[in-house]
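Each of the next two complexes has chain A plus one other chain: chain B in the first, chain C in the second.
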Partner chain A sequence: MFASPLRWNDVWLMLQGAGVTLSLTFWAVLGGTLLGLILGVVRPSSRWWVSAMIGFVLDIFRSVPLLIQLVLVNSFNSIVGLRLPVFTVACVALALYTAAYCAEVVRSGVLAVPLTTRRAARSLGMSWWQDITSIVLPMGMRVMLPTWIGLTLGVMKDTALVLWIGVAELLKTSQSIITRTQEPLLVLAIAGLIYFVISYPIARAGMRLEKKWNTQ
Partner chain B sequence: MFKYSFQWRPVLQALPEMLWGAVVTMQIALIAMAIGIVVGVAIALGRRSANGIVRSLSTGWVEIARNTPALLQIYMVYFGLGTLGVRVDSFYALLAGIAFNNAGYLAETFRGGFAGVPETQFRASRSLGMSAFQTMGYIILPQMFRLVFHAMTNQMVWSILMTSLGVVVGLTTDLTGVVQQLNVRTFRTFEYFLVAACLYFLIAKVVTVAARILAWRLFRY
Partner chain C sequence: MIEVSDVRKSFGKLEVLKGINLTVKKGEVLSMIGGSGSGKSTMLMCINGLEPIQSGRIVVDGIDVHAKSTDLNHLRKRIGIVFQQWNAFPHLTVLENVMLAPRKVLKKNRQEAEQIAVRHLKHVGLGEKLKVFPSRLSGGQQQRMAIARALAMSPDYMLFDEVTSALDPQLVGEVLDTMRMLSKEGMTMIVVTHEMRFAREVSDRVAYFHQGKIHEIGSPEQIFGSPNQPETANFLKSVHGA
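Here is the complex of A and B:
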């Protein structure tokens, strides 16, 4: 292909790497969204010092580089002797990182629902849980969903960093192909194209959604 | 539970070294941010240009910067340019990669900012006899920066966090690089990186507070 040592086989390897990237993204976003949803919903209606403490911890996850977090979780794993495989370690670290951002997204969605609406729901005899599930989350979704899509894409791009602790995702695979073929520009361009093809359509759809919901 | 004994003394002794690393980190982040702001303004204006080529180039920059990982962009500069016969030092590769990324994200921010400055401001300033450049410099840009200042602060924090990627292309002078060097020598991974995490957190907080003071000084009525 292109008269270079790069073979179709290598492209296939890179697509498998992209599969690993996607599955990392899936688990990280799944775990992160669940945790973030809980924290984001609980935080506005908890005592001020609980809220402040949660906020502080989440702030730490957002102010420390993901690379450092990955190394810390990875070495903590060996210190405690959990012997989790690196893929799981990467998922856990990414999920915590995602949760910190997702909690903020959810919180802004919850706060966007007018307090009068929530009071009205409670006066109609709805429980706190009913208020959250049938009033706050559906209404807050308009604020949350576009940002959440952006967050998911951000996490997808950030999964590239797990190559540092040795998970063979797309970029790591590309790197080992580069080592053999000595064609960095071509291989990286293909890797970039794969990332772009995954990210761009979803980003566009998210933007369209945001615009559509804003005008109504 | 722990068979591992934590040793903090060597870590504390290495603290001055790490603080110098933090200075380098700040340098890279600030330079990359400065380049990002200048290029970002140019791109944001370029996207509204009448020239089709300028418009598609600027749009292309923004979309590539926003839809591929920052690490890939740094790799592109570090490994990719090597193919074209340009040897790039890991410091400059990191700087260029972050600047490219910053410019793309900031351009999108600035686009929103420009849209927030009323068109009438431009016309009023031109009718008062200001040139296009004067209008941009004295009227439009100050208002635009005021609108997007908070987003710019976030980008600055991002810029600092991104500098940690330098270690992947072999940079040894920034905070993460210094810590990694110490780690390779001593294998006290958890201790060193925990201290590094604290330092990054402190830097991010200091920058956020400094930005708030700066905003108050610059933008109060």
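Here is the complex of A and C:
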């Protein structure tokens, strides 16, 4: 194929790597979004020192390069002897990193809901929790969505960094194929195309949802 | 019955309510008038516990609003409030806006909640707008929706906090008409308002708030016709002059 040492089998390997990238992204975004939701909702209505503490921890996760976090979490796993598979370690580290950003996304969404609207909800006898689930999150969602989509796409591309702790995702697979075939441009072009094919539908879906909400 | 006794309330160092005493009986319409910052809106917020008080007591049908043991969510089912900013829930249709609290708070099923909502929306003249989102409504329509939303909880009391102040002048009438209708139906109402004609025509009693106190309270005829206090007379003169 392609009159080069690259074989169909290699493309198949890359697709498998893409599968790993996808599932890393899925778990990281799922875990990160859940944790981020909790932190982002709780923080604005908690005491100042709780909020300050949460803020400080999140700042750490957002300020230290992801690569260093991955290596540290991986080493922690070995030192403490948790013996978690390296894939799990990668998911955990990525989820924490995602949560730190997601918490800010959620917080800005929550703060975008006017206090008077929340007051109106409470005045109807709705509890704090009913206010959050029926009013604040659905309304805040419209503010959060574009940033959240951006975050998801960012995390998807950041998963490439886990090759440093030995997870064979798309980029790692591509690299080993490059080593054998000496066809870096072609292989990287294919890898790039695969990343694009994954990202594009997510971005499109986000845009369509936004458009739908805007017509209300 | 709403009984307010010696209520004091501060925002930081600023005391906005300086010992308020007031009783509102079932079926009565009380208007609260006065300059901005006189404490009348704050008084409303305290009555359904949206704002805490520093001392005194507010008792609604025997329930102490600010007692620690009081379930405010439960109490608020019985006290509807409509705000100056109509505060529509923008992500829900008009019908869903009104259905939400009956479903979540009163635990009605979808069908029951919808019946209640449709009934109240028709009552305030929004029967044609059920499936519309609030952003498509005029201010007056949104405010009437807010009234229907509060009424859907079948409250015993309705509080109105300057509900026409943010409306374009030509939209004020339709909201006042809705409130007039409620008063004729015997709803117990406390109305904070700058609409003096409305206060005079609809109220059983009028309270003039001045510097955090009820400076004068009496029948509309007395307050508007022959106020006892010079401050009341001055205020009314300034409002009529505007």
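The working rule: the second predicted complex is superposed on the first by the 203 of 216 C-alpha atoms of A that agree within 3 Å, B and C clash if a C-alpha of one lies under 4 Å from a C-alpha of the other, contacts with A are read in each partner's own complex, and residues count from 1 in each chain.
Quick note on the criterion: a contact is a pair of C-beta atoms (placed from the backbone, for glycine too) under 8 Å apart; a residue touches a chain by one contact, two chains touch by 3 or more.
From a predicted model like this one, the values you see are computed outputs, not experimental measurements.
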Which superposed partner A:Ser75 touches (first chain B, second chain C, both, neither): first
Touched partner set for A:Ala203, first chain B, second chain C, both or neither: first
Which superposed partner A:Thr117 touches (first chain B, second chain C, both, neither): second
Chain B versus chain C as contact partner of A:Gly19, first or second or both or neither: neither
Contacts of A:Gly166 with chain B and chain C, given as first, second, both or neither: neither
Partner chain in contact with A:Pro85 - chain B first, chain C second, else both or neither: neither
Which superposed partner A:Glu183 touches (first chain B, second chain C, both, neither): first
Dominant toucher of chain A (residue count), chain B or chain C: B
Which superposed partner A:Pro5 touches (first chain B, second chain C, both, neither): neither
Touch list for chain C against partner chain A, complex: 48, 50, 73-77, 80-81, 83, 85, 87, 89-91, 100-101, 104-105, 133, 135, 146, 149-150, 153
Touch list for chain B against partner chain A, complex: 1-4, 63-64, 66-72, 75-76, 79-84, 157, 161-165, 167-168, 176, 189-190, 193-194, 196-197, 200-201, 204-205
Parts of chain A lying in touch with chain B, wherever the complex brings them together: 60, 63-69, 71-72, 75-76, 79-81, 153, 157-161, 163-164, 171, 175, 178, 183-186, 188-189, 191-192, 195-196, 199-200, 203
Chain A residues touching chain C - in the complex, by the definition given at the top: 114, 116-117, 119-127, 130, 134-135, 138-139, 142, 213, 216
